[in-house]
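Per-chain residue numbering starts at 1, and chain names A, B, C and D are given in the order in which the chains are listed.
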């Protein structure tokens, strides 16, 4: 039996779970996993469900369940699990996150398809092409930025991209692209936000003398380093660790945090809740 | 509206969630939290749910939902959330876990009632009585053990105890009591089981030269240190840490791990799954 | 043989360790522990040493070693280990850090003497006095603040206090006191600084939707929440954790972080390095 | 000025640090880092030091300092820091640890030279050769094992190998090789030893229902999974994580733990202390 992944957001009211469970039952489905969250501060209801169902395709299932739940006016996504999310990865010169994502994808750890990698530098071309993935060089200067971003959005369209991963991509994405792809661009910032926004966070961390450093995976918004946070983690450091050592230690946190955020997003486990996230893990 | 906490175990089949959701809906209830787990290796289905419902008492709700779910032959527990679980705490001479449990309970962190504390020593009497809780001295020797355990089971009966917490209680509980209260006695063992079973685990850990130590909260079974694990945590240590230092470091892990296990159990978040546990946290 | 604890700060130059080792050797001492740090960015040298030495008192040892090291112009502290640091603890209404410090001190985990506890409220009097420690109520209003701080500094003088611990003390300490006791007042802030400075950090953290929360123990300076950091730790949280839950989770981090910072300071393991710290642990 | 790394083991006695500091001073050296440990249970003294010294080569420095310390009968190693340790990496089919070690070495994170990789399978040849490192296929069967190990020891000799890294090498190393290279073979075991020795530790962990899993880097001894532990780390897991998921989660711990152990060893930070280790980090 094929498995389906469903997410649902709507105002909280009695009967949603019953409606959904009845809908799944009526197509001979079996619920194999389900998580829900009622946000008492906003009255929002959030759900993620996995169910098995025979002899139906994704569109039919969607139509059927959407009808069943019509009274709740939900935002509903339904996807056959085997139809993997498609990610476009962007990178500049540092390749530790890129290499990690490619390795995990190859191993089957990360359920994503990566149809292409885009970079503003040529540095990582060989690495990418060795994985059999097309590499697109999209240089960015102040003058060419609008045109480069236009091309980027075309690539997203053309390759049917679900989401973009900024794997240490050192350019600021324009407001226009942020809005067009809201909730669909994941960035890794090398500090435990909201501490150390902006440039050179490890140097900022060294100057402040903190005893933990961290990394944050978040959705990109026009408001730099302020987007909804998906995942964070930290490492302990001491006085003997200089800025360059922080960069080394940070690489491990960055790649773990980004890989986890990509997996969570690709498995439809992250639902936006205003400028916060609901993460069903 | 009063809130109810429900747990359910049964063989996995389509329709359980629908049945339950319909049942809650039919008493005008609203599901506010729900977690489930299907164990593919055993075919078991596990669920914990919180729902609000008006004008009904716990017994009526239980009767109603049990009828709704009869075809699934579930093990079902339903409890008004305000009716707190009753814990009997047992302790020997070391009081760090006891003091922590009493402090958290007083602060409202731990949703339990502690009607009495039982010890095989007089050491902690003043501490316990300062919290207004009766202290029962139940000395144990080889000769008196069967009688002492009989008295313990009487106290459990008499005080309507839901579960027992062994907060560094240094006596082995008899097979008879283990069986009578299966899944209702929580022990804290001062190692990350299954490493360092038996006596003096910190000394064993020192001798082995491990770089992490830990603590394990588990249900007590006749098979010593083999019961189902509820929660574990660890701390990093280095070569300079001697056995006595391990004891000090371990105290912090023990009290955190035990307090969390007690909270999980008291909130009906731990379901037995053979010799393993399902923990909905 | 009595044990001595030594700390030393001076500009880095060849020969310091030799001078110190010769000095200890010449009084028939044996070095049992030693840590050092050369700060390449500032040229500073930092050292902590424990040594055993017979038949000498602390003043004589100090005179002797200071002479031996005179050419390096060091800031030198030498203390017989058995002569414990004296801490004055300040608290407002929340007592979780206070209770923890008192319990650890009673158990011998924390090598400090606490001659008195000072509070701007009466709330914790019974708790403090139950430990046989004098409790001083020092109310603070806008009008009385200068006088209250004068009294505080008198108490510090009178009781020969080495350092002050702000164990969730909810008043801002005046610049005058900060300067008079620079590097001798430890505060626990309930966030991973520099994130969430100021009031209600857990509510700020909730609003920002972070996935980790933390606590920071730091020296108090006139610049609020900007003092040198001694220790930090964090816990992972998720979307279901509301502001009140953050407060509960935070209490565990706060008391662990503060207890560790107090132990580090009381064992002379924290040396100031500008607005950063060197922590020999 | 060239930097030297020194390690020293000897029975603890007054005067060692003085002797060493004088020795370094007499060759116009400057101590830039130093750590020591006195094991009170065995009377052993352990030290690691980094110092800068002009115009001298490693052998001269060794001769000079050995003479200075002769009375203490020390085991002394001295190495110019720029002369990197040489590691032979062994692997079977799973390549996550291998790939990680090669990537970190290429990035300059790991101060080792890897002159060759040896495997009992051909699986990883392309990966290894893509890094410009010779790959040696050394198949092992019951019959060929003695001969294969003889060849291995020859490769160690021929390539002037300092230590061997078993990066998920699934063959048991013979007692003869263990003894010949005692303290020079690092293995990664995929459990927090001493729990789950032997085969399939993740499946054992699943069966036992533990809530943490881990990995252990240790020196290999004839006594399987009993060698001195260098580093360990763990991850939290829950009931929903099956054996295959444990393998995925475990990969991250394994590569982090092994990479750290290799770095520690390559920087001469690990000193054997019986069947335990002293790790100066």
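Simple rule for what comes next: contacts are C-beta pairs under 8 Å (C-beta built on N, C-alpha and C of every residue); 3 or more make two chains touch, one makes a residue touch a chain.
The shown structure was predicted, so the numbers you read here are calculated from the model rather than taken from an experiment.
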item	value
Longest centre-to-centre distance from chain B, chain (CA-based)	D
Of B-D and C-D, pair with higher C-beta contact tally	B-D
Geometric centre distance via CA averages, chain D-chain C, whole Å	37
Between chain B and chain D, centroid-to-centroid distance (C-alpha), Å	41
Shared-contact residues (touching 2 or more other chains) in chain C	37
In the complex, chain D residues that touch chain B	37, 39-41, 192-196, 208-212, 214, 228-234, 236, 238-240, 242, 273, 275-279, 281
Parts of chain D lying in touch with chain A, wherever the complex brings them together	96, 99, 103, 107, 109, 130, 248, 251-252, 256
List of chain D residues in touch with chain C within their complex	12-18, 20-22, 24-25, 28-38
